[in-house]
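One structure coming up, written as structure tokens, with questions to follow.
First chain written, first letter: the chains are A, B, C and D, and each begins at residue 1.
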């Protein structure tokens, strides 16, 4: 709770800084503040407290994910200075929006009450609608915002209806009470109907098939930094929330439920990967790759009791790799109308560092060993196999090597050296991008070499 | 005070909400005017609100009604943002027909 | 001294090579390669003296993963192959103009590191990590320094990567499955896992996909020729000389002892596939115009026989397979180097554009001939030892396997002599061909001596690997 | 001591070979001398060992080190110098020395002089290994090693692709046989868990396990296939005539006297195995007889001086195999030895002729050479008489013994053998008459060049001619020293039940003499009296043409085996490879196509997205709540 309050205060401070014309201080202040908050959260990771009549509960799960969110936000904020160079006057708006979004995210993983969950979801969504459309003059940005808004509020409606049904069945919004009630006696069918609707709402947020159509369009249209945010922070939040909801609410479900989840997971991976094969726009490609990763992360839903650590590991690996990839993407496509993969050609020569960072990020996403992405997949596969979901794992494997195809395609483009269109001039990259990129990759490799760092949190 | 729900029956409220909800859904599916679609979403939210209120009464529990206030606030904020987006779109393409938004695809 | 030092040497070598900059890179790499080779020799001496050079420590507690390195004779023999060939391969490229040579040699060293790790690993996951890691450097080596235009080669290389990667993922699933049954990835625990026949069958199949593609066994070989053709010669040497052996080694080390029942059941099918590979590879080789593709198909034939040897599940067959792996490593590296030497002088890899070289370069021709005859398994060369053991092993199962597998004797001579005649003999070529220079002579000379020496006195190697194989065979029974 | 003898015997030629290969260029003419000396030393060592073994009756044995170990037994690098191998070594090193000496002149001026002697020494080295190996696998080293040297020497003039083709063909055909050999090895290893000659022999002698008889038969057959390849029998004989592409001394040494007899050596070595496989023995006899006839009939019309000799070699080898088939190993060995003498003499003589003619090998361009090269003519004539069976020369006895054995066992094969002998007499004298008699038919330039060869070439001729005359003494009918000598190594030795010369024997000798005369007179009438000269190639017709073209066997092989393999290879390369590749990577194509269709579906229309959304919800709810 202190974390949440501190972030809120920080966000307000950012807005105040704008008023008293200390714009230049905004980003350093935010980063320092967030680092402090991150330190605080990490130190208290084992503390389990509930606040305000169980409205907000901190547990290992929520603390760990909160720390991850804060860390990701630090990266995203650090990238902001150079990204928003042209509209620096609005920098505090952007930063505070990001902080509010972070608050929403933390609410979503720490809720103890459906109201808190719904509020968190809406804080997250609404700030994201704004960020999506923040490039007002750009029709694509508008379109992305519109699509996201329409579909997102539609999903919110469904979630809300689901909450209402759950409330109707249990007469409570409190998670612990709901658990008590659900474990006591048979509930009306509305309960499971409501839960399914809530889950559907979250499946929309993680862009699972067939609720995924918005993702590529919105990713492409939104300003790149926002896309980075959606692809990393928001996606991870949604997955964590989905996991938490499933963990708490999945009782008295219809018997086909787990099959449905498995089928959706398989479809999500497969559709995401297959659609990514022929993409020419890097952001769309990452969007589809994100969809398939969501499918992988859904594997954790097959083993709710044991895979929190695995999911956390995967989410971290995925998000960190995503940060690195988007950093390079931003650096390369700066000032360009389209983020074509082709614009990466010759990057190996123009800026080898960025090329290596992107390569590692993509290889990690593809699941090549020693990078964190491999262990993420490995842990999920292990868990799924031990629970007997071999079909799911086999589809996961097939998808892994489909995915490696398009990741490698990008890498190949980067190292193409005989392309005439490639700019031979060296690409100068702002320092912040370099730091973020290298740091993200370093973290990736470190947690790849010692996965225990993250896994042991949950023991 | 006599409980209204006991007279009419909770199931009727549920059916009504579901019908309202479906109207909202179909409205979204069949209309192409963004404003109308916003309104349909409001119908969906309000059907949920109604359900919450009904259950609140049914369970003799105030929480549900409190929740409705949250929802209304959120919905208001949402619509505000939505309209803002709509305005920027109208400025850029001079239309609020969502079928014209097809730049992003593939 | 234990094997971690060897691995570290190679890894540090890779990093040092990268840091050292473009000019000294090759020399630094060679230095570290040689140090690693000496260390391997020391390790083998230690092993023969009875010291265990293995290493084990916990890596991840849950799931239960260890950094376990097993340095028995079998692993050391293959390690020796790797560390002996690495300096040779590096040295072979001295004098070539290589762009960004520090990255190039660094990748070579890194690959050597990963392959050594694969041979030494005694924990399934660690093994898998090394296995996949070895794929990365060769991918970049082939992609960035390969032959042909970028557009053409990228397809072949991509195909290679995806294909091998796909296979190994199934192996990973196999390992995870084994883990779910035994709760450990350690080689020894997996050996002792008591799986039912059906379970073994599936695990066997999962492993087989990975190995069949890597080895490659017919009909999973389609990546091979084009990759060999497009990769730079150093890469091809690494691939053909060492990397193929990873698959074959794994069959003996991992697949067969873990799933003996399944192996016995499937054996005939796999033997047939392997032997088809022998005949098929030989026949296709006949009509290859590009010398690298030619060697690729000859490799297909050879590894087909090796695979057959490994899958006999007999001590003799496996021993032959291991010996032949090592022999083939040396021979094929030599042959690819021969192709490279011709390329350096004539700028062509088309056999049809060569010819009449022997007259101008007798030394070169002689060594080429030694390598060629070694390749076709002439007694007195190392290849014969392996080939004999394999064919003997096959004959003890069913004589017909040996008869048909033995046609490699005839076909091998057929395509090799035909190629040699076209490439080297005939009227003196109008284009001048300088005979071997010192560096080239050293490399080829060393290879020739090794091949002949071990052909006459293979006992040290055979004694090194036999105890490990005996142990493995004991798991089959 | 024993090991030292073996090492000396082996290492000297090896050393000679290495020195010549590596430093041949620097040594110049010295390399010839070194090589000759190396073989001479081997010969001396052999003689010493021979004397020792002949005296003590115990073979010299030595194991150098363990070579290959398989699960059930191990194979050591071991050597066995017993009566059989020493006999072989004697004429290998002996004739080898002579031919080395001969070569020093013959090859003079060749740019690869040193390498030639290197290869030749290497051949001797491998031949010694072949003969002296104490187990089958050591023999196999030599077996393949001599094949290698044969390849190197046939293709010695490697600028000529035809020669290279011949070399390649020789090697590959040999390899077919080698596979047979190896299979035989495997079967024997399977049966006896050993490859040691002595061990196998002991095992076979002690136990009479009849169940293994079929397998013994298979092993014998497989090894016989090996022998067919090496000793150029039907159907693998075609390489030998082509092998004449090599320098003539090579033809004399490898393709007449020594290497090609390795098959006979091997079978004799394993006589205890073959004795147990009567069916295989019959096969051997039949194959041998037919080869003898077949090759002789081709030899009748050949015009290339070396080709005639080559077919004669094949034919003679056929006779030897016939003898072996009848279990008369000593007889075969006897013929091997006499054949080595006179055939080496013939080849060297022909080499002398070719040398004088400046490389011309066509007899139609020769004639009347007796006036220019007396020594060559006389020695050649002696050797011809010997091979044709002129009474009391070496060939007469050995061939007669073969025919005698045939007469005992199988009259039909006896007739075939006799016909082959008559043919031999005919074509050999045809050769002599066409080459040495009548007028010279070559160009004027060649005529001016004609000369007798130097002493280093004629000396070997003389020695060999003498041996051709008196070689028969080692196995004088009725009291054979050879049979006695070989008794320890041959299980069913003829020395165990010698029979006196009866009427039958004398009659057969008479018949053989008559046969010889028929051949001689036939040739005489045709080429001396009628002074015929064979027709030019394009005028040859009818059956003569078939014979001249060697029954078109090469062409048939080409059509039957070589071409189809190329067709299959092309088919595999162009069709199967593409199809396999397509099958595997076709999956990729499918994914790619799906991706394309997917991209079309994602058309940017919010309505569609919403519809999919709702559809998804409905499907899920239907599946979860209504369907069950």
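Please note the rule applied: a residue touches a chain if its C-beta (ideal position, glycine included) is under 8 Å from a C-beta of that chain, and two chains touch if they have at least 3 such contacts.
These numbers were taken from a predicted model, which means no experiment stands behind them.
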Smallest number of contact steps required from subunit B to reach subunit C: 2
A-C compared against B-D, more contacting pairs: A-C
Centroid distance [mean C-alpha coordinates] between subunit C and subunit A, Å: 43
Subunit B and subunit D: spacing of chain centres that average the CA atoms, whole Å: 98
Chain centre separation (subunit C, subunit D; CA means) in Å: 37
Inter-chain centre distance, subunit A versus subunit B - centres from mean C-alpha coordinates, in Å: 27
Shared interface positions of subunit A, touching two or more other chains: 146-147, 150, 154, 158, 216-217, 405
Touching two or more other chains - residue numbers and ranges from subunit D: 588, 599, 602, 604, 606, 610
Multi-partner residues of subunit B (at least 2 other chains): 28, 98, 101, 103-106
Chain pairs that touch, as defined at the top of this document: A-B, A-C, A-D, B-D, C-D
Interfacial residue positions of subunit A with respect to subunit C in the complex: 348, 363, 368-370, 374, 378-379, 381-382, 385-386, 390, 393-394, 397-398, 400-401, 404-405, 408-409, 412, 415-418, 450-452, 455-456, 459
Subunit D - residues contacting subunit A, complex: 588, 591-592, 594-596, 598-599, 602, 604, 606, 608-610, 612-613, 615-617, 620-621, 623-625, 627-628
Residue ranges of subunit D touching subunit C (in the complex, touch as defined): 21, 65-71, 77, 112, 115, 137, 140-141, 143-145, 148, 151, 155, 158-159, 161, 164-165, 167-168, 171-172, 175-176, 178-179, 182-183, 186-187, 189-190, 218, 565-566, 568-570, 572-573, 576-577, 580-581, 584-585, 588
Residues of subunit A touching subunit B in the complex: 114-115, 118-119, 122, 125-126, 129-130, 133, 136-137, 139-140, 142-147, 149-150, 153-154, 156-158, 160-161, 163-165, 167-168, 171-173, 190, 216-218, 220-221, 279, 281, 284
Residue ranges of subunit D touching subunit B (in the complex, touch as defined): 599, 602-607, 610-611, 614
